[in-house]
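Heads up, there are several structures right after this.
Both complexes shown next keep subunit A, but they swap its partner, so subunit B is in the first and subunit C is in the second.
For the complex of A and B:
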């Protein structure tokens, strides 16, 4: 060894090359730190943007609801409720007639014979319908007044704004030309209120008429239908009893009652209606979308959890290497299919298949089948399950794979079967990993847009869970679907636009929550493994 | 073994002309040996010589290795060929318990760890389980240390306690044979002494095969010692004889520490 080499050996300074004045470790740290920083900034920007765009929503919504009340639309709405429950009664009556007609046709009666049969009580039905005309006429009239008031008010507000803009620009002359009427909403509300005695009179006459007609019900001569007639009488009398409720609500209604932020908030969070571009009043209630999303996601999870977790257990514990090499990439390949293709498949093939299949003889025992809709929560749920399976499978398989081999060996060495080892050792040990896999699968499903937009049927209505299993075969709309569908057509900054951002916000918070839970569970799992 | 006479001791495990392969690679060559009832047999030899392989052949744990296969010969336990296709490995493993080099209690309570073998046999009666827990933990010399915390996780115990818990777990299924693969390699001298003491006391009821790299340990606990080298059984004899006057040069070199 030369002398120089000898001294060099004790030179402990780093000899590695420097990058931008940093040594290798620092450079690496900088690189990865930079990446992390960028992600954090992007996330913060997204959050900020969502908040900013959504922020004005509640104020604007409160203002709209206030106008709805001040202009008397809310007042008219109460009368409309009464009128539409009367229409329901008519519909019920007509359904009896319809049923009778089909029955007669099945019995082989000719058209004129059937007509003669029906004629015996047709007059009763017409009389009943006629009773309701004064009510519906009156409601229509009042509706015109309220809408007119609201529209004039909005228009004048627009002109006022225009004039102020001109003034602010210093174009005083032009501003002076802009005519702004002063719309006093209370005048119109006064008109509505003045009509109240008329309305009460109409109600009284209606009640008397219903009581008179139902005291002398026509008999059809078919036991089943006569039973329905009796039921109709009950419903009609119930309607009469409810009239008083409407009347008190009208009397107590106050156009000047304050509308707080809480009302706007509740109307968004618990609102049952999502109605846009209506000539009367727009409503932004997230409930139908939220429940729709949840219903579709639940269907997807019910299918995807057993399949995904089952496949993970099978691949990890039972499958031969040859099976593993085939099945694993195959399942993972599913996640490479673009969601629009899956949605297209759902529309073109799967939805129709489900509808047809529901008519097969084996299902004839269930009275909810055959179904009439092609695109339903079920269709979308099945396809979403397909998309969730790879996520659940891959993550659950990882979790199972992380179970130390020593546990498996110990169990088998005790004389446990493979199944016992799987169920008693492998699954419990990896349970938290499996649960977080399921949660992340759920997050994937709830955030998926294209498939639900194409296949869920897009009917904005809270699924009627009282229908039992049939609920799953109703069309629904989802939070993701509505954003994708409506965001393209809304005016920037309008209340509708902001409402969609609020929906986005709810989705965002939901995803955050799911991820947070998944992480917490994994953390707990690591600690328990010591 | 109802019709067995206590004397003379008969071979409970018999290995004859046994060849074993991992894929193309032969790991064991023509092994012939007997392990007698209620005796402790120690396997010694340099790393990679096939001790664990032979041990894991006795309870067919090597079945889990995809490429493993037997070339020739057989292993009999209590007179029955364990590689006979009709043999149920589940039943075999209940008779032949195993304790691993690295202690591996399940992530369950101490109580559940001990009775795991009973639970999988469908035994769920509380009094039976309670009795088994006490008996096995006493048998594994662990009872006094854990009797007040049977509900805590088996993973919360020290390394030595964990290894004794694994022994207790193996005892619960009441095997005839206990296979131990370097059970003390991760333990300190105190814990090692405890396990060795335990092996001594277990000898009365079980036939034990132990793999060890510790010559003193082999000398202390075993009745017979077998020396392996490169997959072959070089010499097997009474432990005293092997350590006092080994017949084979390689054996002597190995136990005196002069082995290359």
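For the complex of A and C:
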């Protein structure tokens, strides 16, 4: 095969014509080889390019986080946390009142009567809310300062760059006209720091106020609600205890602490927020997208694995030839439905169907139903399952088909039933193939874009797994979805653009890993065919 | 299968003196097999529901009960705004062009409710999709098939070849959206441009020739979309073509070489003809994939709305390749997710989805049928 030199020595025909010292065969080989080279270069280029564009991300992100710290925004963020946990307390208190109100309504009281009932402790709630005002106002004020400082700094940096560009182009006169303010961020941070005693005073007052108010809790007269009131007292006292922690964090905070590459990396990989185009601070944490992708993919796989593998077993072992000839092409044909059509079906028909179905009487026993959202992880998961089934089915069926006939015949001859043969001989023998089929199906699901973009609800938040089954019926956002949604609007070379490339790279590596594993498993656990 | 069938037939029946099978095992078997059967038919049912919904609702848009039975406007016009109004007691639903004609004819101005994207048709989308598919497949097949011939016939087997094969196989599983961002970053923003006149952002001139070169980007254009799609299917085309080439028994090549044929003659006469159906099938699968993908063209080639057809309003020939086009999959995305929903947009959605499904499913069906026929034809 490979010794073309020898072949050609006796090949009189090709020796006769030579162009540029190459005979026809060599020229053709060159043509094919050139094409192969181009293809390989192109495919390598894709990998290289993704890495190149993504690599710039961490540097820029580190710079952003550094600015976030230097300008004191991080400092304000700590205060904000405290303020928001106080708001949380308020919300809890109001929820007690709300519950009481609905309770009274159900008892058949009129609006004014109910209002009179609630009035007994309304003052308490208002007092509690009022206690928090100094804190939230102070935080707002500080926030303004920090944002102002940051914006001024960024603006001056832009001007400086503009001037340097002009100088580089040799337009000195224009450059001289560009005024650049030197913004000293430490000045602003100093202002923030100076206010710390004020903040501490506000905190002390708040703590004293909370203790005073909670020592004299109003009683509602309903056992369940009074219990909640007690719980509220505990929460409020816990908040007071936590204030110490915020204060020490503020004290220990240092605007000049170095921001390393590790921080940027951790903030991307473990970051819980993906916030873009925010006026305060953009965050690029992949965790909510990653968990979203994973959640949707797991729902899809939970549905697709039993159906796909079951169908493969059925078709190969049980079905009559007529069924085989019809079902196999049909399932293969499903994989030809374009994903955008399936997504459209989800948005137009299936999402609404799921919401309606969740209101059916048979589901009334579960308190999570009926669901209010139309587009959720579950909707997308079901549709993706349909897309994964053909992949799983085709490959698993191939794997089952490759089991030597003798295995099956031997088992049947031993007196095993067909089910025993299938489950104990055929499936274990072809297990490596089935697993790799499942992995490839998973790869297809996690890389699918249009269905999740259209049907997953696109809410960027880590699904709250404490909700149990209800988690599956929450809208999520996914890695593929975010690329498709946001890539059209980003500025070339900006940090947002690079962040999306990083997400793409994560997807790329993930799919390579899945493919690689699938191939490894097939090779490694292949049972010798005797 | 036939072995099982005969086995079933010849299984000892009662009265032969053998121990009867424990009935429990039999009944579990039956129950489990029924479960599998139900699962299998459930898959078919789900798929059928999708097909039937889209076919049923879509055909209402595409076909009509009166002559010429096909909604010609839907298939030959560009998407337009729909005007819904009442005039002299009758209710009219007219797309923008017809509405203007209607007004001009009557010489009146009518106040109407307007619905974006709900009137007209999808002709530019069909044209755009066809252009993208043709362009992408030309690139992918040229590169892919020739590379496959090289890899399977000319290259020396070894570690490097295996590594290349493995990486091509791996790339075939990379999500299409990743190719999309690659296309955006590489072709749209930094595609190489040659020009006879200096343009903004050119890097250097092939002195003394008046040819300027620079990585200025191709913008959102047909060319960028074709290349992105081509590179997306390239791994699939290469690995599928190579597989069908390698499936040809060595003996055919060897016999041909033994008769004194040159390498190329052997390949041309004894390998390619038998591998051709396989290559053809793989390329048709590639076509279906290229036509069906949305994510790669979202940022590289597709416009949500474009009034002119690709061959209209060109200043020079090269503009043809450097213009964005409308495409069916992207149009479905736009009308189903990006515009306010109402009963009139629904017609457009289902109509587009129907036409798109028919095109893509038709291609896929052709490849499946071809494959079945081929399996019967060539068995080594």
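By definition in this document, the second predicted complex is superposed on the first by the 485 of 530 C-alpha atoms of A that agree within 3 Å, B and C clash if a C-alpha of one lies under 4 Å from a C-alpha of the other, contacts with A are read in each partner's own complex, and residues count from 1 in each chain.
In the analysis below, a residue touches a chain if its C-beta (ideal position, glycine included) is under 8 Å from a C-beta of that chain, and two chains touch if they have at least 3 such contacts.
Just so it is clear, the model here is predicted, and its values are computed rather than measured.
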| item | value |
| --- | --- |
| Contacts of A:269 with subunit B and subunit C, given as first, second, both or neither | neither |
| Subunit B or subunit C, by number of subunit A residues touched | C |
| Which superposed partner A:412 touches (first subunit B, second subunit C, both, neither) | both |
| Which superposed partner A:424 touches (first subunit B, second subunit C, both, neither) | first |
| Which superposed partner A:321 touches (first subunit B, second subunit C, both, neither) | both |
| Which of subunit B and subunit C A:50 touches, first, second, both or neither | second |
| Subunit B versus subunit C as contact partner of A:116, first or second or both or neither | neither |
| Partner chain(s) touched by A:404 [first = subunit B, second = subunit C, both, neither] | first |
| Partner chain(s) touched by A:357 [first = subunit B, second = subunit C, both, neither] | neither |
| Residues of subunit A contacting subunit B in one complex and subunit C in the other | 321, 409, 412, 417, 420 |
| Residues of subunit A that touch subunit C when the two form their complex | 1-2, 4, 7-8, 10-11, 13-14, 24-25, 28-29, 31-33, 35-36, 38-40, 42-43, 45-46, 49-50, 53, 306-308, 310-311, 313-315, 317-321, 324, 327, 329-345, 347-349, 386, 389, 393, 405, 408-409, 412, 417-420, 440, 443-444, 446-450, 453-454, 480, 483-484, 487-488, 492, 500-501, 504, 507-508, 511-512, 514-516, 519 |
| Of subunit C, residues touching subunit A in the complex | 1, 3-4, 7, 21, 25-26, 28-29, 32-33, 35-37, 39-40, 42-44, 46-47, 50, 53-54, 142-144, 146-147, 149-151, 153-157, 164, 166-182, 184-186, 189, 231, 234-235, 238, 250, 253, 257, 260-264, 288, 291-295, 298-299, 329, 332-333, 336-337, 346, 349-350, 353, 356-357, 360-361, 363-365, 368, 372 |
| Complex contact set, residues of subunit A against subunit B | 321, 404, 406-407, 409-417, 420, 424-425, 428-429, 528-530 |
| Partner subunit A, residues of subunit B touching it in the complex | 59, 61, 64, 66, 90-94, 97-98, 100, 102, 104, 106-108, 116-117, 119-121, 153, 155-156, 166, 169-170, 173 |
